[in-house]
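Note that the chains are named A, B, C and D in the order they appear, and that numbering of residues resets to 1 at the start of each chain.
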């Protein structure tokens, strides 16, 4: 059990809002991308990955976003439909904006980078008029990805979605997902992340992301508890602060805190860890599990995804995650 | 007495934030501007006028804003200093942005218009770093003008100022001051006005301005009480809705409502009515007067200003306003 | 007599192309503009002044340009019509662009400056479709002002006008009129000025302006003859290089050179000297006078204009210029 | 023999100027791109292909252009170096601009399309300062690709290169290469293409491209001879107008005209036909061959390239082209 209340009468579990993009993953890996000859195409983008992860785990997901009126846009929509995600609120953009691209370079399992194409990115063309009150009303929860705040009109669309969510008792998950290259300045970023975070129930980010959020109002703070506490004065119930390899810590409005654990993995690349974590953690919370149990589920899902080549395509089923946790625990037991 | 609490230990009464501009008023009036030969230069801009009005009434005012590094910028700062307004937080902008200009055309007392020069306007270059927590802390109240929300980075600067104000128990007055030509779309406008209004204590606007704010979330509403009530769920204590000639109505969080009255005037032009109203109304509230008494003071000040040629230069002293009210009441009594 | 051939059958003498603007001249002069209280409105802009100068001297002028759909735009058109300038090719722009403004500051007769408003300037919205081959065909000569090359689409419109002029044996006068604030970089400026100059018959500029033109292809050159000679390999017949107080020098394709003289003046301000010079010099050449006689006429006109308060409104008649020259010569003779 | 004179003392045969880009060719072909799973990476961009084609045929090529400071930029430079192209004048751009991408879709051999990524394209960041007079001076010829005229500062860089080329007797080939998506308007396009074409020795384009160039000055003309003749009044010696399947026609300043022929091909896709044609045609002219012989060589090279999967990587050697021509002629002879 946890401190979130989901209205079980609503037909959609989670609506993700924001970025739908394309990953082009190097096929010839463990080398610089200059020497990569071929790339494989996948659906990408943090909220897309989370929606897919959620759907594969067994929840009913929907998406609000914009795709380009081209081959990449059509591929994205048809892939989501294959995963049984509701695409009725995905708008085909006619402005000539482009699907964001992420060319992934895997020099070694721990030396990965991304060559981004985000100029005139179609996902940031989302408009307030694309946000339907009736649609959001039908969801138990929505997921906001911070990148959608980076530019107008997408930013305004997100704030409108937050307004509708609060009005209709829809739980709001906020994945900070801070990507500096889409923003004009840290000051701007900080202001809008704060305005959004005030209206969210669950906030998930890295320590560095929370530092950025505090850069204007509490610079230099590195106390996780202080960071988390601020948001409980607004609408937050749970705040998760991730510390990379040192693991995560979560705080609840009621004053509890939980340390996350990590699982062993045969790492192929580091991409996708955050998205798979978020989708499995949210899944757990929406199943009514305890916060620590949900964190464990998130951690295991992340370990599975970083052992595979893609992100979206690698999202595990609930069965797979459970089996993985059991296996790891068993091995640990043996190694003790 | 009213429902606002001002910390009397703070040295500055009111800090206005936002637009400092130049009015160029036609000297040859009652004709189209094509036939105007000469113009007289005044300090202008809604928050500038309100700060000046406040200072002339006898309160200590300060200003946070940006001026151009040119003759107009220097004129503005020196004029404010003459009025004993604290200009220590006015930043000389170095980006080459321009002082906003308003050429006023007075075809007849009731047919007035403005030819605006707001391209690359310097007031919208205000940055978060221009907002000093220490400075805002020293004020009993701040005044936010909605136009400052129109563009980045001024918009972010305003949100940061709101944050500091809430943190330090500074009362926030919000003058909606909606000027469509500075905005990209009604949707965008509506979203940011709402985000700002959530954080304000007193909200002052016309019915049309509140319609714009409700265009996404409550379109078609024309019930003033419904409009006002929404903000009492956030931080508002008083909401004033202006209906032009039909007068104003104000609501308090405690459930009262008050109708404003208007005063007779020998109208020269309509410019400046709103700013003089706001400065005198705020003055009254900060003196601890009742809401209706403050509204009366505002109405009388407006009548005085529209009988004169300029806005900023025409702001009356408290003595003048009081005398005017008495005179009007006496005349009314006689005419009964 | 000179080396230019004007087709006398064409009904219009000179069509000027480019900037129509407003000058706002300080009425209280010999002080910084901060202390100026009122401004007087005049038509301004270099090609506007030249067209007006030409018309006042007695030639038939026309204009190709864009004005704003507002009071300033209407004032400009009606002023030109008063001066009997053909305005049939002036387009009323609907894009919301603004009339350029020049606030003049006269600290002393020799310390003058201009506060420019050129953001989103309407004159630079001139489009190729505004250039009518039939209209240009009717002119003996056109005048190109370099500022019109500063931005697209005005730049393209000018190149199209040059094409039509060459096709129909219309003489092209090129007034370099370089204003750095309208340009992105010296490199860009230099490239387009050179492309335009290749197609012109008479090129008029200051030494500094020619330096800018040579900055990429012949940097460091300060030899006027070398500068002028380059253009005779293209289409130029006369090149005038102005050296401020040291006077001007002109070169012809045939190898002659002429030194200009300056006339005494009771200087009020320095604005307008170049435009009055150009209009009277062009007038002389179009009357078929010798180059040196035309230069003298230009110099005298300039001396008259700098003794007066405005530019456009101060342009002298041919009679005035002649009388002035005679008077000056007489005084010189007497003083000998 | 032909009418072009190449200074044989110059060490570089051809310097191409402009676009260096990446092609991502669908590996699973004969289907919509939505169903393509993997893409293969090649160097692309019309002038890049022509330089590569020239180098493979056996001439010494160089390149002036900008590449991104990333994996794609480094790949491009190293590929050109492999082909023995001089890359000393390729500038590593630091502005964050992106390598242009072309995702090719091959639905069928005759139904091909390209999904372009050209937002903030790095090739258009070429600046006048990147153009070294000393470098251009060393070339027998330069090749200008029209796309480099699409935006500032690349446009100005090209005009400067044209200036240096004319000054140092460097022959200029102009490949019109008109791509509407990089341009703001047809009017703008037309103006700059004309200004550039005036300064070129050989102009190569399709009938549709010449129509665009004539849209402002000779709209509706479809007479190839009229089209070509205009440029002989400037600097052109040879004009080639391509009519797709109907073949090409070339005109010389001396009044000759030649019809090109096409060769049979097992078409895989249509991409690359123009670039391979241009490189082989230019090769022929620079070898001193007759115009018609050079056209034949171009046509044969095009037929070879469209039978292969890539463009740049598919460029044939001179030996391959010659063998192909002989084979085709023999087969034709047999079929007679």
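Here is the rule we go by: contacts are C-beta pairs under 8 Å (C-beta built on N, C-alpha and C of every residue); 3 or more make two chains touch, one makes a residue touch a chain.
Which chain is which protein? Per UniProt: A, B, C, D = 5-dehydro-2-deoxygluconokinase.
Just so it is clear, the structure is predicted and the values come from calculations on it, not from any experiment.
S.K.: Let me spell it out: compute each chain's centre from its C-alpha atoms, then which one is farthest from subunit A's centre?
M.R.: Centre of mass proxy via C-alpha means gives C as farthest from subunit A.
S.K.: What's the distance between the Cα centroids of subunit C and subunit D, rounded to whole Å?
M.R.: The separation of the two C-alpha centroids amounts to 42 Å.
S.K.: Cα centroid separation between subunit A and subunit C, in whole Å?
M.R.: Using C-alpha averages as centres, the distance is 61 Å.
S.K.: At least two other chains touched by the same residue of subunit C: list those residues.
M.R.: none
S.K.: In graph terms, with chains as vertices and touches as edges, which category applies: line, ring, star, complete, or other?
M.R.: Per interface graph, the chains form a ring.
S.K.: Once the touch criterion is applied, which pairs of chains come out as touching?
M.R.: A-B, A-D, B-C, C-D
S.K.: Hey, which residues of subunit A end up touching subunit D in the complex?
M.R.: So the residues of subunit A touching subunit D come out as 24, 27, 32-34, 36-41, 70-72, 74-75, 78, 98, 101, 103, 105, 115, 117, 119-120.
S.K.: Could you list, by residue number, the parts of subunit D that touch subunit C in their complex?
M.R.: Checking each residue of subunit D against subunit C gives 127-129, 152-153, 156, 159-160, 163, 184-185, 187-188, 190-192, 194-195, 216-217.
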